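Below you'll find the structures, each written out as structure tokens.
Next come two complexes built around subunit A: one with subunit B, the other with subunit C.
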Partner chain A sequence: MLELGPIFRALLRNKIGAILIAVQIAFTMAIIVNAVFIIYDRSQQTKRPSGIDEANTFFISSSGFGDDFDIKGTITQDLEAIRALPGVIDAIQINAIPISGSGSSMGLQTKPGAEHDGTGVAVYMVDEHGIKALDLELIAGENFAKSDIRWRGPAGSKWPAKVIVTEAMAKRLFPDLSYSEAVGKTVYINDVEPMIITGIIDKLQAPWVGWDNLDNAMLSPEKMEFQSTRYLIRTVPGMRDQLMKTVEELLAENKSRVVDGMRSIDYVRERSYRGNTAMIKILTTVIVTLTIVTSLGIVGLASFSVNRRKKQIGIRRALGATKADILSYFMVENFLISASGVVLGAVLTVALNMLLVSALSIPPLDWFYILAGMLVLCLVGQAAVFGPAKKATEIAPATATRTV
Partner chain B sequence: MFGYYVKLAFKSIKKNPLLSFLMVFAIALGIGASMTTITVNYLMSANPIPDKSEQLFYVQVDSWDPHNAFNDESGDPPNQLTWTDANNLFDAQKAVKQVLMAKSGGIVVPEDKNINPFEVQIRLSTADFFPMFDTPFLFGSGWDMAVDSKLEQVVVLTKKINDKIFGGENSVGRNITLAGQNFKVVGVLDSWEPVPKFYDVNNGAFDEVEDVFVPFKLKETLELPSWGNVNCWKSPDSEGFKAFLRSECINFQMWVQLDNQEQQSDYLMFLDNYVSEQKSLGRFPRPMNNKVSDVMTWMENQQVVEDDAKMMMWMSFMFLIVCLLNTVGLLLAKFIGKSSEIGLRRAIGASKGQVFQQHIIESATIGLLGGIAGLLLALLGLKGIESLYGDFVKNLISLDFTMAATGLLIALLSSVLAGLYPTWRACNIQPATQLKSQ
Partner chain C sequence: MLTMTNVKKVFRTDLVETHALRDFNLQVDEGEFVAVTGPSGSGKTTFLNIAGMLETFNEGTYQLDGEDVSHLNDNQRSKLRNEKIGFIFQSYNLIPDLSLFDNVDVPLRYRGFDAKERKKRIEESLDIVGLANRMKHLPSQLSGGQQQRVAIARALAGNPRFLLADEPTGNLDSAMAQSVMELLKEINKKGTTIVMVTHDPQLATQATRNIFVKDGQVSEINDVVAMHVANG
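Right after this comes the complex of A and B.
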């Protein structure tokens, strides 16, 4: 590293080229580090499990029409028929589909009265088959009994006496108790209507993937007397696609209703997280192209600087510098430029992140992303300069003698 | 001279194809990325009804929970109205024009037995929806206010639904069965896709227009279901549809037309009086907080432009900066590489100004080439966005003339800017030193 002095002084004589590369590296680093961080954040979000048997579950809507459409009878018959199909593990009528983007929420509170704040919770109306159909694990308390299930009218607003909540919800409601101690406690819905927690399930996500309370969900023991309704069906592995057809045909036999909206949970997940998947792909493209552009810029400028210094390189070689000396000269020069670039880049990265945090819902960056970014950008710089530097070593010492 | 410099520019570009390609490529990437994200943002934040956006106002009154604001952060009143307030405010008829609306749905059973019954989205609205929002009609027209109050069962179809049920014929005067009831067709809309779908951004700002339009007040008599966003701070007092309508649940939207400042302040005064009156009846427990917002203010308040779109736009601008820095560096290398040629031109009489012109034109030419390639990349980028996001962005990915021109202008300006320093360096090359070394 004896050469540092001369390299540095030579750089000062050609400031602009060096500054251009350094600034370019700084901006590239700011974008890339933030992009990588966002990619990581989004892919973590996308991977969160919903709690249900996603690969083997689908749902379908049925909308009756006409005045003589028998809602209760149809629903009861439908469920019996679907549950009897070979390959169906269980089926339920349900008001909303987890992670699908639409559903309903209520507030639960531990003390009655409008003056107390409630905790937001996603509501799933299911019968006693709910736990099996949704593939939930009952970790405390007990499931609903058949006699607990009531019919909710089309504009019904009252709530049943029992409720099953997720572990996350139990912990939010009773932060000082273990989840199993929450069983038997009374909570209030609609400010004053009491519901007794009779069971705790391990995990079930709300319909809205962007919601802060995503893990807060409750099961309410009821069937819905609605013209338009939805069934959720869980099948044994490998039978889903086949059963989707069977169930659709089965329901369509009744001509006084419209059957549509049949989707698998896989589809719903893809759809709900499409924004994330798209963002990840876009940012990956940005990272790749930006790295290419920056490296090509470094290659271009380095080749130019090698060309301009052909004569000096020849002289140095003639005076005894080895090929390795020449190579290391350009590598070290580039390292000095890259190093100052990534220092500036660290500042820009934090600035961009602060902008994103304050204006948009992006979490603040972890510090090690910045370190990693600095290292990677230095390596990119070294890799980009290697080609032109290698070429510089090919310059023959005799070049020195050709022109004066 | 200009033509000659352009010719020289092309010569110089060809002479060093790799370097030139790198520059054009860098500018094209930067412009392509920026144009893609600008287009998406531009369309998301577009004014959907430019002629009237300053006269149409969204109405909000604070009927919410005494213990919790509807929106803790902004303190804004609820984003929709209760059935009671919507009807009271509408019946007062205090604005030049006013429209109530809500989203609903039902089954259509076509007379033609070959077409299966199907579900449609219903936009419940009052008569002035059509004149207020300048909807184009293919056949017939909307309905008048008498129809609203007489609860006549009429329907306006969108083109899509008219094509489906009536094969695109003029269906005015014919009947359809919707939600189990007989409706008379009075009008068929021509294609109409406001972007954003400003009249109801609560339920998907970039969704398609609903399939059919039906008089608002039929919701009560026909008990049409409440689709779209329903939000309640307390439950209805009793079970049933009527109780839901009488409750504090919000599911209804109101727009008014107010032509000048005076009408605006009068309308706000009217809202305040209305709320005071309701307070004396025991409703509206919160402090007075009423708002009317014109179209663009409302779009901004509802944050119609997605955060992700904004973020991508900022990032693409930084991307453009990197590409331009890149171009500056490469131009510098190129022009200094041409030192001897420039020296020669100077020695045989070219002034500094002429050398400057020549090189700025060369930079601009590279910029324009990059701009054109960038626009092609932007088209590709928009296609990519469509394939990544699907239907949601269908209306957000068209590149219009303004955007294309903007793109070229940005490319031109930025390349000239990028060329300034290298050109300045080129002008200051001393003819003597360059000639000596030949």
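Right after this comes the complex of A and C.
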């Protein structure tokens, strides 16, 4: 900081270029810091575990046709046949696939009556194989027994007497109790229908990845007597792709129905978070482009300033400045510009974040992103100015005596 | 104070070799005021650049204040330049963005003096040249003569043993030129050795010794004081 004062005073007398670069740095910082934060936030979202064995699970949908199509019989036979296949850990009929984007939700409440508010919960209708097929951990209570499972008809609206909920759901329903104390409690669905919590599972996400209550899920002990059905199959590691083919062929043997869809959970995740992935790519491009443009701006201003001050640099050298003094002059000058840029940038970053928080419902920025942004932008400035500053040190002291 | 022995300086381009100085020999003693004259292209400025260590030379030796500077590196030359030499340039070479105070401060900062010492020296040297009351002004707010006085203050502030002046009055009218010359003579009287390059023989006669440079060599040395005495 050898010449901080004179550099600052000289800058004030040539402020237009410096102010433009400082403003550019400020805007770049505001955009970059918010973009990095959004990227981090979205990539964390994308990485949230659904609770199921994603890598080794797939689902297959089929629809029966004709009046004589035996729904119950077909489902029972299908599940028996699929579960018997080598490499299948377990298989279930299920109404919705976690993180897939479509499913059904209900409200659960601790007191009966329409005057009480319910807590939103994703409903998964499964049989006693549900916990194993979904790779869930039962952390309190017990699993459904085979006798608990009932058939739900196409018009059925009544709910079974038992329910298993996620730990997150248990905590939402009974915030003052530990999750294991929720076992045995009665909750109400459809305002007044009682269900007893018989078990707590560790984690299972709802089908909607953008939902606030993503971790609220319940298992209802039911099989569905619907023309269209969906099976979820969990395999031993490495067998999924092979078993997708086998199961599809198996179902196709029954000529009274058509297989109308089959996907791995990996694919489901990729599709559900495609928006995030695209946003991350776009924002990364914006960050890189802005950094390059700002760096070029700094290089441009510094080169211009070195060329304009060739004589002055020669004079300084003649008056005793070493090459290191000249280098530090330009580095310090850039630091002053960058520093004022990032201070303004910090204010703009917070303002932009407030705008984004209300417009895009992203969480507010953590303060260390701002600090890191300030540091990084200053370093970018120093790196960008180094070339022109190094060039300035090559200006000969004898330039001072040339009359040009 | 300054001894150059057989100094050679060759400028080379792809096509041509220019011998700016050839076997240049000169001794300047402490307390002298030497004027170096000669036609354009004679090597005056090259001599000044080498004397001020602004440029290196190809052959010969150069001793400044008893120290052989021939083999010093860039940093050592910068340091020595800063400590021993005060420069006065034809076009003043003040830094336009800096106030007079900051301009005079430039070499003092490179010397590493603390703020208090620098302030004292700046005020003293601006006082010597009669501009202490305009410290906050910018060079552009001064006349040419005043700007050259600031440049002299800047050269004096580091208390150098030796002042190198390159056409110090070249851009001034005769009245201003004379006042600058008077200032230089006064400084010389106080003990500072001065070497002044000029193309003006009238000014040169005001120095204590004249050196005439031609074709990169010292061709004539006149002892002006002796001449004045001899001429009665």
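By definition in this document, the second predicted complex is superposed on the first by the 402 of 404 C-alpha atoms of A that agree within 3 Å, B and C clash if a C-alpha of one lies under 4 Å from a C-alpha of the other, contacts with A are read in each partner's own complex, and residues count from 1 in each chain.
Quick note on the criterion: a contact is a pair of C-beta atoms (placed from the backbone, for glycine too) under 8 Å apart; a residue touches a chain by one contact, two chains touch by 3 or more.
A quick note: this is a predicted structure, and the numbers were derived from the prediction, not measured.
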{"item": "First (subunit B), second (subunit C), both or neither touched by A:129", "value": "neither"}
{"item": "Contacts of A:30 with subunit B and subunit C, given as first, second, both or neither", "value": "first"}
{"item": "First, second, both or neither for A:275, with subunit B first and subunit C second", "value": "first"}
{"item": "Greater subunit A contact set [subunit C / subunit B]", "value": "B"}
{"item": "First (subunit B), second (subunit C), both or neither touched by A:162", "value": "neither"}
{"item": "Contacts of A:171 with subunit B and subunit C, given as first, second, both or neither", "value": "neither"}
{"item": "Contacts of A:304 with subunit B and subunit C, given as first, second, both or neither", "value": "first"}
{"item": "Partner chain(s) touched by A:230 [first = subunit B, second = subunit C, both, neither]", "value": "neither"}
{"item": "Touching partner for A:240 - first (subunit B), second (subunit C), both, neither", "value": "neither"}
{"item": "Overlap of the subunit B and subunit C footprints on subunit A, listed as residue numbers", "value": "403"}
{"item": "Subunit C residues touching subunit A - in the complex, by the definition given at the top", "value": "45, 48-49, 52-55, 74-75, 78-79, 81-83, 87, 89-91, 93, 95-99, 102, 105-107, 109-111, 138, 154, 158, 166"}
{"item": "Parts of subunit B lying in touch with subunit A, wherever the complex brings them together", "value": "19, 22, 25-26, 29, 33, 65-68, 105-107, 109, 116-119, 179-180, 223, 225, 230, 234-236, 238-241, 243-244, 247, 307-308, 310-312, 314-316, 318-319, 321-323, 325-326, 328-330, 332-333, 336-337, 384-385, 388-390, 392, 421, 437"}
{"item": "Subunit A residues within the subunit B interface of the complex", "value": "16-17, 20-21, 23-24, 27-28, 30-31, 34-35, 38, 63, 65-67, 104, 114-115, 117, 153-158, 190-191, 193, 227-228, 258, 260, 274-275, 277-279, 281-283, 286, 289-290, 293-294, 296-297, 300-301, 303-304, 307-308, 352, 355-356, 359-362, 403"}
{"item": "Complex contact set, residues of subunit A against subunit C", "value": "2-3, 5-6, 9-10, 13-14, 311-312, 315-325, 396-398, 400-401, 403"}
